[in-house]
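Below are two complexes that have chain A in common, paired first with chain B and then with chain C.
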Partner chain A sequence: MPTLIIDNQSVTVPEGTNVLEAAQQLGIVVPHFCYHEALGAVGACRVCAMLFIDGPVKGMQMSCMVEAKDGMVVSTEAPEAVAYRSQVIEWLMLNHPHDCPVCDEGGECQLQDMTVASGHSVRRYSGKKRTYQNQDLGPFIAHEMNRCIQCYRCVRTYQDYCGGTDYGVLGANQRLYFGRFRDGPLESPFAGNLVDICPTGVLTNKPYRFTSRFWDLQEALSVCPHCSLGCAVIPGARFRELQRVRAGVNPEVNGWFICDRGRFGYDYVNHPDRPRTPLLHGEELPWSEALEALQQRLSELIDRHGSDSIALLGSGRASLESNYLLRRLGEQLGTAAPVYGSHAARDRAARAVTDLAAKLSASLAEVRSSDLLLVMGADPLAEGPMLALAIRQAVRNGGRVMLCDPRPVELPCSAEHLPCQPQELPQLLRILAAGENLPANLQPLADALQQAKRPVLIGGSDLLGAEGSAALLAAAQKLNSAERPCRTMILLPETNSFGAALLAGDGPDFDQLLNDMDSGRIKALLCLEADPLTDCPDRKRLLQGLEQLEFLAVLDHLPSLTAKKADLLLPTTAVAEGAGTLVNNEGRMQAFAQVFSPGEPLRFTGQGGHPPRNFSSTTPGALPCQAWAVLAELCGLPVNLAEIRRELAAKEPRLAGLPELSAEGPGQRVLPGNGASSSVPPAVATADESLQLLVCETLYGSEPLSALSAPLDPVCPHPYVLLQELDAARLGIAADDLVQLTAGGQQLALPARLSSRMAEGLVIVPRLRGTELESFYPGQPPLPCRVEKVSTP
Partner chain B sequence: MSELLPAEEIAELKRQIAAVHEPRELIVEVLQAVQQHHGWVPDAGVELAAKLLGLSPLQVDEVATFYDKIYRSPVGRKVIHVCDSICCWSRGAESVYRHLQQCLGIAPGETTSDGLFTLLPTCCLGACGEAPAMRIGDRLYGELTVERVDAILAEERQEAEV
Partner chain C sequence: MNLWRDIKGTFQPFWITLRYLFKRPVTISYPEQKRTLPPRYRARMILTRDPDGEERCVACHLCSAACPVDCISMQAAERADGRRHAAWFRINFARCIYCGLCAEACPTLAIQMSSEYELGNRDLLKLVWEKEDLLVDHGGKDPDYHFYRHTGIGVVAPRGGNNDELPPVDIKTNLP
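Up next, the complex of A and B:
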């Protein structure tokens, strides 16, 4: 650990730290553009110059390029260094337009900050400036090339870090142009990171354009709710509207970046149809009366039918605290334990994952530094986009990726693809878990595993199911040793699937609930941020069950099908409007802080014009309450998050760290489970001759929250059916033909897409909410199906 | 795209590309082949090169636009590259450049109306010992004076006429 002196202060830093980072540790503000924590140093912009007075290097040096060494004496304040930096910034500013007042970056612009920090305040240059034509880069990113200072951060992010190939740098020396070959939407699902990474106003957030100044935004540290990875995000709100999301920093999880689903999926919070008032049979009523009505109805039914006539349904969308208080409410009412999840197979898979994962599970940081990633039945870009980016970093560091999947899984990096049938996956994992020999065609995989020093087995709970997930954990356990750690990462369906599954323990699942509803025993159902009508694969049976209910109560912030059917609807807050904890797929508890208070966006109440001038003492649309607070009140507990966390930690030993959790910091792993369910699935017979329909999540359109976000509308796919080329040829089907898909008692006409990289005999449709494909559910074994050609376009 | 490159040449390029470890190595060669046949490299030429190399058009265009000897817009039959770097500048390149503009009646970046000459500045041609220097097509000319420039232009014109 070298010790050096910067500006007369001594600092000791880890080996490999550069002098710029060392100065930052001392709190010294050093101008920099091309250096970025996630991208490293390239020494290109020349504004981080310092004077090296003593030690192994001397003279004016770029501090980002010099490794800190013992005995260095460095000055950032030496007159030469100050003059050097102010000249460089003056050059950088030569061509820069004077347009801060109309630039969206203003107020959070590194160029503004660094210009001031470098002491350049008067423009001497009065010649012509270089100007450019901007490009249309699609729905997410606005382009204003005149503001560019050629720091290359965008290219290094887009191409190197994210693996995009359609954005880069054109020209040379004075004529550099950062853009695409021609106008068109950026192809990378991580393009939104350009907004955060560009230190000037060239690349800004298009949906957010001209809405707010940075200093007017309400921001807080939060967690992305759009998949189970739980990336750190910083949502920004103003005028009662969630206006944007930027990446937060969590070195253990997302690092510095997020995906475009996480960045542009926020608009569900502002959805015009969102429930905002308590409703009893469609009539508005105050909260106090609504809660009274709920309590009264429940106690009536308990008196008449006994407490097991009440069922409680939690979800992987609701926070840990809310889900816990639901269980607490059940205990007080004497009901059965809540069911956590409207999709029984997904719930069972999540529970299988929670059992072991905490000690074997890899963080995204561990994925990034792994040397072998076996991706078995996971589609990272669809089921957890930032995992795809983490895998890319492993490859950039020399790691290897092998994909076993029936789907044509795409990754933003090179990978070896070994197609297999869905039912083969658990078998393969079973063989690995038993330490037996893999079939000959998978010998490369066996060899790679043999050589790897830090392998990670990656799976997706939708394709693997409970048994496959358990087998994956068992395989990792078998391959894991003190000398050669082997880790796992299993993608789960929802943001808090892990937390919900952990609370579920060995409680009932949705299949049991359906049985109880069938038998007529259940008279009332209370849903916590759950939408069984959209998520339960047996919708028909569920509808019959709901018909028999005497009382359906729903707490939610989404305008869901179930919420629309509710006798009593209690509006809750979205993640950004409250505080709580989510547990990500590796078992990391992450607290999120409240960004803003709910209310109807001014954009709606003002109908686009000046805010309305009718005054009232209440805020329109401000009634939604945090679900945990509603439940605490129903339980007669103090509405105090810290106390609830303490109580929960005391009851659930695996959540021991919960009371110390804060929204700052990387979160905390739950403690390991006892590994009881690492049983290995039995061999199953292979499927019959008919085509098998597999329903899969997609990057956009599957996840319930972001599916309601208007900024994502332009990129949501239209329904289609994907066929293996050889099967299509047999059936006389060409790409884009209209085909009829018959499966599960339904018939749909869909355009065909073809792939040569998927397993034969398989037909794939995406899970697309709000479309005719909504009634096909992921996380289920494949369905027998038929496909016939209808017409050629 | 057929007019951009003859089929035999495409086949030959494909062979070369298959033989290298990293197709990017051959971006310049493929672009030069297109330029040889077409005179300059239109967007379709970049797209053709990208297809042959298995890269995105942007990845090819990054290289194409970096080099000033790859022409991304139409040029005359002969392109004059006048060095404007330090050695040539110190030995009178500016007056040579001015003289060329006068003789040809065009500004830098323009093409004579007969479509023969395009005039472009260039950075060091590696002929500093013979500064000031310029290049017309693949031919290098050093020790330039106003008189010599007149003679060279006349020769080049004559050559173009035969």
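Up next, the complex of A and C:
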């Protein structure tokens, strides 16, 4: 722990800290461009220069390149250092264009800040400025190369950290160019981070282009709702419109970066079809009357058919507080416990995961520092993209990745892929859990597990199911020991699946609800931010059940199918428009703060022109209420989030830390459960000879919120069917052929794609919302199917 | 002594009034009569045009950031040729204090102060002016300044085509 003196202040820092970080610990603002917490230092920009007066090194040094050592005396304010830095800034500005007024970075530009801080205001050099041609980098990133100051941050982020290969530095000396070989969309699903990382305006956010200035945005610390990892994000809103999302910092979860789905999936909040007024049978009515109608209708049905006739449906999209208050409402009405999740298999898998002892679950930070990652039935890029990035960091630190998956899983790093059948996975895990010998073809896996010091078992609840997830946990328990910690990370389908499953406990699941609806016992259904019509795999049966209902009430902020069928629709707020708590897949409770109040975006009310020229005492479209507030009112509780959190923590001992939770900080783990349910499932019979259809999530288009986001439209895949090359050859199918897929009583004509890296005998289709593939559901056992060639293109 | 001061204080104002009875009045009967203003008088703002006749405003938000009473709001938009402009630009003259900080902040010389000061109105909405009401057809005090000729982002001239720019570098050359 070296102790050094910076600007006459003494500071003690951990071994290996550089002087720049030491100065930052003292609260000294050190100008820097190329240094970044996540990327490290390269000493390229020369603006963090300090004068080293005494110690092992002396003279003018780049503070990011010097390791803090005992006895160092450093000055940031020495006249030589100040002059040095201001000259470097002046020199960086030689070729920088005079375009701050039309640059989107203006206001949050590090170069602008440093230039003003160094006092440079007039260009003394009278030579001409260097210029470049720009490239079209796709729908997310705008390129303006003239503004570049050659700090190399983008290349280090894109290539080193994110594993992209299609963007880099070209040219030499005065002609350095940061771009692609030729125009085209950036291929990495983490390309959006270039916007945050570029210290000036070379790489800016294209959907946000010319929309707002940084200082006009309403921002707050929030949690990304687009997968179960719960990355920290900072959404920004203006004129009642969510306009952009930038990465927040949570060292335990996402670090400094987020994926493009999280960054550009925000537009569902501004969706023009979003419910904004309470509707009773399609008629608008005020909130007070809507709540009265709901209460009256429910008590009427309870009087007539008993409290058993009311069913409540929560979801993994709603916050922990809303889901809890739904349960509380059920207790008050005397109904059965709510069902959490419209997809019974996914719900059961999530519940199996919540039983895991919290000491066994890994955070993304632990994934990044692991030395062996065993990915079993998880597709990180599709089900939790930032996990893929965390896996890449583990590989960069010398870790090893082994994939056991029937799908051709892509990762932004090297990995050993062992294709296997979906039904083999739980069996494999069962062998691991029992400590038996693995089959000969998996011997490398066994050897790697033996040598690993900090292994993490990664699974996806969709493919593993409840049994597989439980087996994964049992395997981790078996492999875990005091000297060799073994952790798990299981990806869940929705952002708050963990929280919902935790509240569900031993409660009923959606299959039971369907049975009760079939028998005609259920007369009313209250859905909390749930869309069973899109998510329930048995849509036909559900539709029949809904027909028999006397009353369907929906609280939601999406224009969902269920919301359109609702007798009573109560508009709620999206994550950015309210406050609450989400529990991520490792069991980390994370609070999010309100970014802005709901309202119809000015873009729509003004119809592109100036805002309407009239006075109004109300805001258009401002009626959506936070779901927990609506439910608190229905329960007759005070509308106070802190009080609800205290009550919830008292009722659920595992959520003990909830009242102290704040949107700042890394969040808090739920306490371990009894963890007794990690029983080893029985072996499953192998499938027959016919082709099996597996439905998988994709990076874009599967997740319900981002599927409604316009900025992601250009990258949403079109429906396709993926075949193993050998199977395709047997069926006489070539790539891009039109094939007919027959499965589950449906016939679809789809273009074929081929892969050699997937399991044989398997056919894969992506889950794509709003397309003909919407009726195929992930998280189900594979369906028998038939594939026939129709025509060649 | 105090008595002397009181007597003086009583009669001196009358004397001054009496003196001014025989002088030319400095007041005029506004609004029938109007005073000639100094040429650089700064009353309400205008939006000027560049030498090509295009709107100078690029909707950079600096005026609204500088405005101490928050009376300016706008929305930027992009034209097909890449030019940034104001989709709408609104100023609430009922709130404006005519301090001129917006004109000082304007990096493209779009906002300049004109000598029109007669804005009084009984209808508050008539004091909310849109871009169309503010645009004039001249360049104001500096008619020759053209922001896009100095930016280097290639909207009016091809990239690297302005006077203070080199032509775009050829990144594929091997020459030193």
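What we mean here is this: the second predicted complex is superposed on the first by the 792 of 793 C-alpha atoms of A that agree within 3 Å, B and C clash if a C-alpha of one lies under 4 Å from a C-alpha of the other, contacts with A are read in each partner's own complex, and residues count from 1 in each chain.
The rule is short, and it goes like this: contacts are C-beta pairs under 8 Å (C-beta built on N, C-alpha and C of every residue); 3 or more make two chains touch, one makes a residue touch a chain.
Since we're looking at a predicted model, the values are computed, not measured.
Visitor: Between chain B (first) and chain C (second), which, if any, makes contact with A:Phe181: first, second, both or neither?
Guide: first
Visitor: Figure out whether A:Phe604 sits in contact with chain B (first) or chain C (second), or with both, or with neither.
Guide: In the superposition, A:Phe604 contacts neither chain B nor chain C.
Visitor: Let me test your reading of the model: by the given contact rule, A:Lys128 touches which partner, first (chain B), second (chain C), both or neither?
Guide: second
Visitor: Looking at chain A, does chain B or chain C touch a larger number of its residues?
Guide: Higher number of touched chain A residues: C.
Visitor: One more residue to check, A:Gly171. First (chain B), second (chain C), both or neither?
Guide: Both partners.
Visitor: On the A-aligned overlay, A:Arg213 touches which partner chain: chain B = first, chain C = second, or both, or neither?
Guide: In the superposed model, A:Arg213 contacts chain C only, not chain B.
Visitor: Could you pull out which residues of chain A sit against chain B in one structure and against chain C in the other?
Guide: 170-171, 177
Visitor: Which residues, counting only chain B, touch chain A once they are in their complex?
Guide: 43, 46, 55-59, 61-62, 65-68
Visitor: Where on chain A is chain B touching in the complex?
Guide: 165-172, 177, 180-182
Visitor: Spell out the residues on chain A that touch chain C in their complex, using ranges where they run on.
Guide: Residues of chain A touching chain C: 97-102, 106, 128-134, 144, 146, 170-171, 173-175, 177, 209-213, 215-216, 239, 602, 606, 608-611, 613-615.
Visitor: Where on chain C does chain A make contact in their complex?
Guide: Its residues touching chain A are 58-62, 64-65, 75-78, 84, 87-90, 107-108, 125, 128, 130-131, 147, 150-153, 159-160, 164-171, 173, 176.
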